[in-house]
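My structure is below; once you've seen it, I'll send some questions.
A, B, C and D are the chain letters, set down in written order, and residue numbers restart from 1 in every chain.
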Amino acid sequence: MTAHVTPAGGARPVLGQNQYGKAETRVVRITRNGAVHHIKDLNVSISLTGDMEEVHLSGSNANVLPTDTAKNTVYAFAKEYGVESAEQFGVRLARHFVTSQPAIATARVRIEEYAWDRIATAGSQEARHSFVRDGRETRLAQVSYDGSGWEVVSGLTDLTVLNATDSEFRGFRKDGYTTLQETGDRVLATRVRARWRHAWSDETEPMPDWDGTYEQARGHLLAAFSQTYSPSLQHTLYTMGARVVDEVSGIPEIRLSLPNQHHFLVDLAPFGLTNDNEVYVVADRPYGLIEATVLRQGAEPRIAPDLMYAQ
Amino acid sequence: MTAHVTPAGGARPVLGQNQYGKAETRVVRITRNGAVHHIKDLNVSISLTGDMEEVHLSGSNANVLPTDTAKNTVYAFAKEYGVESAEQFGVRLARHFVTSQPAIATARVRIEEYAWDRIATAGSQEARHSFVRDGRETRLAQVSYDGSGWEVVSGLTDLTVLNATDSEFRGFRKDGYTTLQETGDRVLATRVRARWRHAWSDETEPMPDWDGTYEQARGHLLAAFSQTYSPSLQHTLYTMGARVVDEVSGIPEIRLSLPNQHHFLVDLAPFGLTNDNEVYVVADRPYGLIEATVLRQGAEPRIAPDLMYAQ
Amino acid sequence: MTAHVTPAGGARPVLGQNQYGKAETRVVRITRNGAVHHIKDLNVSISLTGDMEEVHLSGSNANVLPTDTAKNTVYAFAKEYGVESAEQFGVRLARHFVTSQPAIATARVRIEEYAWDRIATAGSQEARHSFVRDGRETRLAQVSYDGSGWEVVSGLTDLTVLNATDSEFRGFRKDGYTTLQETGDRVLATRVRARWRHAWSDETEPMPDWDGTYEQARGHLLAAFSQTYSPSLQHTLYTMGARVVDEVSGIPEIRLSLPNQHHFLVDLAPFGLTNDNEVYVVADRPYGLIEATVLRQGAEPRIAPDLMYAQ
Amino acid sequence: MTAHVTPAGGARPVLGQNQYGKAETRVVRITRNGAVHHIKDLNVSISLTGDMEEVHLSGSNANVLPTDTAKNTVYAFAKEYGVESAEQFGVRLARHFVTSQPAIATARVRIEEYAWDRIATAGSQEARHSFVRDGRETRLAQVSYDGSGWEVVSGLTDLTVLNATDSEFRGFRKDGYTTLQETGDRVLATRVRARWRHAWSDETEPMPDWDGTYEQARGHLLAAFSQTYSPSLQHTLYTMGARVVDEVSGIPEIRLSLPNQHHFLVDLAPFGLTNDNEVYVVADRPYGLIEATVLRQGAEPRIAPDLMYAQ
C-alpha cells in the first residue's frame, strides 16, 4: 500500500480486512415434473474479497464488479443450473466469482432456506403445485472458497424445543449475589442455533449428501435433546453436539448457541393454590445464553463464535 | 358526566370509549397423564371496560382492579381450571371479571396460541415430555362478554401459502398510470390472516367444539386455496371464505386479509436466458392487500376490518 | 346481491365489507432550492372500496384498477405535485381515485412519515444535502374520502416517554388475586400511540396547517405528560388528550393507547443494599395497556379503537 | 482433556471454545441531583469462560456461577457504583467475575445504551425528571478482560444517513451478468454500524473519556459522510473510518458495516414525466453490503468481522 500523507502530517490510515457484496437476494425457483411442481425458496448473501484497495483509497472502481451483478448472477444461475441444495448452489456461485474475476480472491456465500410442505387435501393425494410454509426452523448454509480449498458450514436457527421434565439445576456455585434456588425438576426450553462444518474441502473428493446430512443432524439434535436427562443446559448442549459428531459422518465440528428460555414456576401460594409444576411464566429477557463448540478428536476448530449471529 | 370548567372557561373535554387491562401475559400450562405430558402455550391479553370515569377525571382508583391482578388471575385460572382450549379459557376469564367486579361492565380476552408437536424419536414412539415448536401459524381467539351475551371470534395469522400455477390476472381496468402487463400464469402467494365468528352467543346453548372447528376452518382455507383456479386474489379470498361458511357449522361470518406477496418473474433476457416461469424475485414491499368479509345469508357483519391487525 | 345457489343447495355466502389496494409504497421525494435539498420520506398505503362484487364472485376484473397502478400513482403524484405534507399528499391521492374511477366509491390513504434532520457539521452551517434519520417517533396520517366529505386523522407512534418521579398508584380495588403493593413514587414510562381527528371535512373550507398542528399536538402531549402529577396512567392519558383538545384548534377528538412499560424496583435486600428508587428492571411483557378517547364537548366519536394498531 | 471412551468405542468428542452468561439484562439507573434526575438505560449481556469442562461433560455444576447471579450482579452494581458510562460499567462487571471467581478466566460484557433527552417544555427550562427517548441510534460497548489486559470496543448501530447528491458510481467492472447503468448523481443512504477499538488496555494507564470519544467518533462519522464526494460507498466508508482514526486520539482501529440502502430513481416516462432526481423508490432487499476495517499505521487488527452483528 502506498503511504499517503494525511493533512496532519502523519501516516495515512491503513485499509484492513474488507469485503463487499449483495445481501439478501430473495429467489424462488420452481421446477416442474409434469404437473408436479417443486419449490426452492432461498435468501442469498454474497461477500467478496480481493484486490480492493483502490476503490477504498483512490475511488477507482475498475476492480469492482457491482453488487447488482452479484444479484443478477443469483437469478441467472438459478435458471441455468437449478437449485439442488443450498450448499450446492453456494458452491457454484462461490466458484464463479473467484474463477471468473481476476480481482476477486475469495467468495463467501451465505444462504437461508425456507421450507415448504405440500398442502394435503382431504381424501386424496397431496397437492401438486400448492404449498404451505413450514415454519419449524430456517436452514442455513455458508460456503467459502479461496480458489483452492472449500469450507462448508451448514446449520439451522429458530428450532425451538422444550422438555417438560427430566431437567434439574443443582450443586452450582454461589456467591454474595446468588439468590437462585436449586431445582430438581424444571422446564427446559431453548431456541437452537446450530452450525456444523463439513470435512469436505477438496473438490476432487465427492461432495456430501447435503440434504441427507441436514436431516440427520437435525434429527440427532432433536433426539439428543429429548432423550437426555439434563443436569444443566451446558450438559444438554454437549450431548446434542457430541451426538451429531458421533453419528453423522463427515462432520468434525459443530457449534451450538442455546438461549435458556426461562419458564419460571408461578408462585400461586397467595391465592391458596399449589403449583405442582403446572403453570409457568415465560420470560422474554434476560435469558441465559450457553454456547460451545464440540469437535471430533483431532479436528481443528474453525467455526468462529460470532458466526452464530452472522448475517 | 359532570362538566368541569377548564381554565380557559370552556367545557371540559369528555372521556369517550376507554378500556384497560393487561396485555401479553405469557403462560405455559403443563398437564400430566402419567408419564405423558401435554402443553398449552398462550399469550393472553385482557381488556376491561366499565365505570372508569373517576380514574380518568379525578384520579380516584377506587374502581380500578390493577392490571397486575388480571395477570395473576390468568396464572391462577390456568392452575384451577386448566386450559382446555384458548376459547374456553377466554370465556372463563371474561366471565370472571364481569361477574365478580361491580365496576366492570365488559371484558374482552384476546389469546394467541402457539402450537407444539411431540418430538418424534427414530424407531420408537413419540416423546412423552419433549416438544418442538410447530411454527406453521399462530392460532387466535377473541372472547367478548357484556354480562348477558357472548361473542367469540377465532382465527389465525401467518399461514403462508403459495400456488405455483393456476393463477392469472387479466382483463383489469387501466388508466394513465397503469403499466402492469396481463398475465395468464403467475405465482400466487399470501400470508393468510383470518378471523371467523362463531354463532354461539348464549351460554345456555352448548359451546362449539373449539378445537374441532379450528382444524376444520384451517383445513378448508388450505383446501380452497389449493384447489381453486385463481383469476384474482379477490376471487380466491371469496372462495376461501365461502368454503368455511359453507362447510363449518356454527360460523356465520369470516374475514380474510390477504397480502399479495408478489413473486415477480425475473427478466433473464439480458443474459441470453428464457425464464419459463422458473425464477422469481420475492418482493417485500409494496404489496397488494386484499381484505373482505364473507357472510352466511342473513348473518349480521360484526367483525370490524381493523380487528385483523389488533393487538 | 344476486343469491347464487351453492352446490349443497343452500344460499351462496354473501360478500361483506371489502377493500383492496397497495400497501407500503416507500417513496422518497427530494426537492431543491438551489444547493439546499429537502427530503420527504413516506410509506403510503392505499385502500379502495366500490363496486367490487364481480371480482370476488365471478372473477371478472373489469372494475379492478390494479394495485400496481396505485403504486405508480404515488410516484407520479410525488413528481407532479410534490409532497407538502403527508395529509395534503393523502388528500390528493384519495381524491384522484374516487373522482377518476367510476367503480371506486371511497379511498383511504394511510401514510407513515419518517423524519430526517440535517447533519450539523462542526463550526459551520448545517449540511445542505446531507441528512440523519431522526428516530424519535413516526408520524401518521389517514385520509378518507367518499366523494363528498373528508375525514383526516393524524397521529404518531413510538413516542417513548418516562417520568422518573411524580407518579403513584394507590387506593385501587383489590380482590383475591391482588398482590400488587401500593406505591407513592414510581417510574412511569410509556410508548405513546396517538391519533387525533381534524374537524375539517368540507373541501370548500380552508385546510388546516397540517405540519403546524402536528407540532402543536406533539408538544402538548409531551408537556402534559411531563408537567402532570400522575395518580394513574389513566389520569395521565386523560390529561394528555384533554390538553390537545383544549389547546389545538380544529381537533375535536383524540385517542391514545398507552402501554405501561413497567419499570419494577429491584429488590436489593438480599445483597444488603437499599434501593431508594434508583435501580429498575425494565419488563417486556406483560404490560398494562390503557386506551381511551377524549372528545371536545359535543363532538362525535369517530376514531375506532382498533385503528390504533392498523396497518 | 481426558479422552473419554464413547459407547461406540471411538474417542469421545472434545469440548471446544465455550462461554456462558446472562444476556439482555435491562437495567435503568436513576440518579438525583436535588430535583434534577438523570437516567441511564442499558441492556447488558455478560459472557464468561473458564474451567467449564465438567459442567459440559460430567454434569457437575460446581464451577458454574448461575447466570441468574450475573443478572443480580448487574442490578447490585448499578446501585453500588452507579453507571458513569457503559464502558466503565462494563469494566467494573468484567473485573468482578474474573477476580472473584476462581473458575472464571475471562469475561466479556456487551452493553447497548439507549439515549434519552429531557423533555423541553414551552417557554421554560427543560424538565427535571421527564424524558423522551432519542431514537437516533443505539450506542454499543464491549469490554473484555482476561485477568491481565483489557480490550474495549465501542460503537453504534442504526445511525441512518443520506446524501441527496454528491454521489456517483462509474467506471466499474462489467461481466456478462452486469446490467447496472453508470450514474453520475445518485442518492447514497446507509444505516451505519461502527465499532472502534480503544488503545487502552493497561489498567495502570488512565481510562479514556468514554463519553467524549463517543461523541467525537459519532461527530466525525457524520461529518465525513456529509462532507465527502462519493465515488463509491467503499470510498465513503474508508473516508469515515480514516477520519475517526486520524482525529480521535486513542482509537487505532475502526470497522464499519454499511448496507447500501438503495434509492432507485423511478421511471416516470410511461406517465409522460421526467424524473430529474426527485422521486425515489426505497428498496428493502437485496442491498449492497460494504464492510471494512481502517487502522492506524502499525495497529494490529483485532475487531473480528462478525462482531458487527454480534448479540
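Keep in mind that, in the parts below, contacts are C-beta pairs under 8 Å (C-beta built on N, C-alpha and C of every residue); 3 or more make two chains touch, one makes a residue touch a chain.
Computed from a predicted model, the values in this text were never measured in an experiment.
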{"item": "Shortest walk length in steps over touching chains, chain A through to chain C", "value": "1"}
{"item": "Of B-D and A-D, whichever chain pair has more C-beta contact pairs", "value": "A-D"}
{"item": "Between chain D and chain C, distance of the C-alpha-averaged centres to the nearest whole Å", "value": "31"}
{"item": "Chain centre separation (chain B, chain D; CA means) in Å", "value": "37"}
{"item": "Cα-centroid distance, chain A relative to chain D, in whole angstrom", "value": "21"}
{"item": "Per-residue overlap in chain D, given as positions that touch at least 2 other chains", "value": "25-26, 72, 76, 177, 179, 270-271, 284-285"}
{"item": "Complex contacts: residues of chain C adjacent to chain D", "value": "25-31, 37, 39, 41, 72, 75-76, 78-80, 116, 119-122, 127, 129-137, 158-166, 187, 219, 222-223, 225-227, 263, 266, 268, 270-271, 273, 275, 277-284"}
{"item": "Interfacial residue positions of chain C with respect to chain B in the complex", "value": "3, 6, 8, 10-26, 45, 47, 52, 55-69, 71-73, 76, 100-101, 103, 169-175, 177-180, 231-232, 234-235, 237-238, 241-242, 245-246, 253, 255, 259-260, 285-297, 299, 301, 304-307, 309-311"}
{"item": "Interfacial residue positions of chain C with respect to chain A in the complex", "value": "176-177, 179, 270-271, 284-285"}
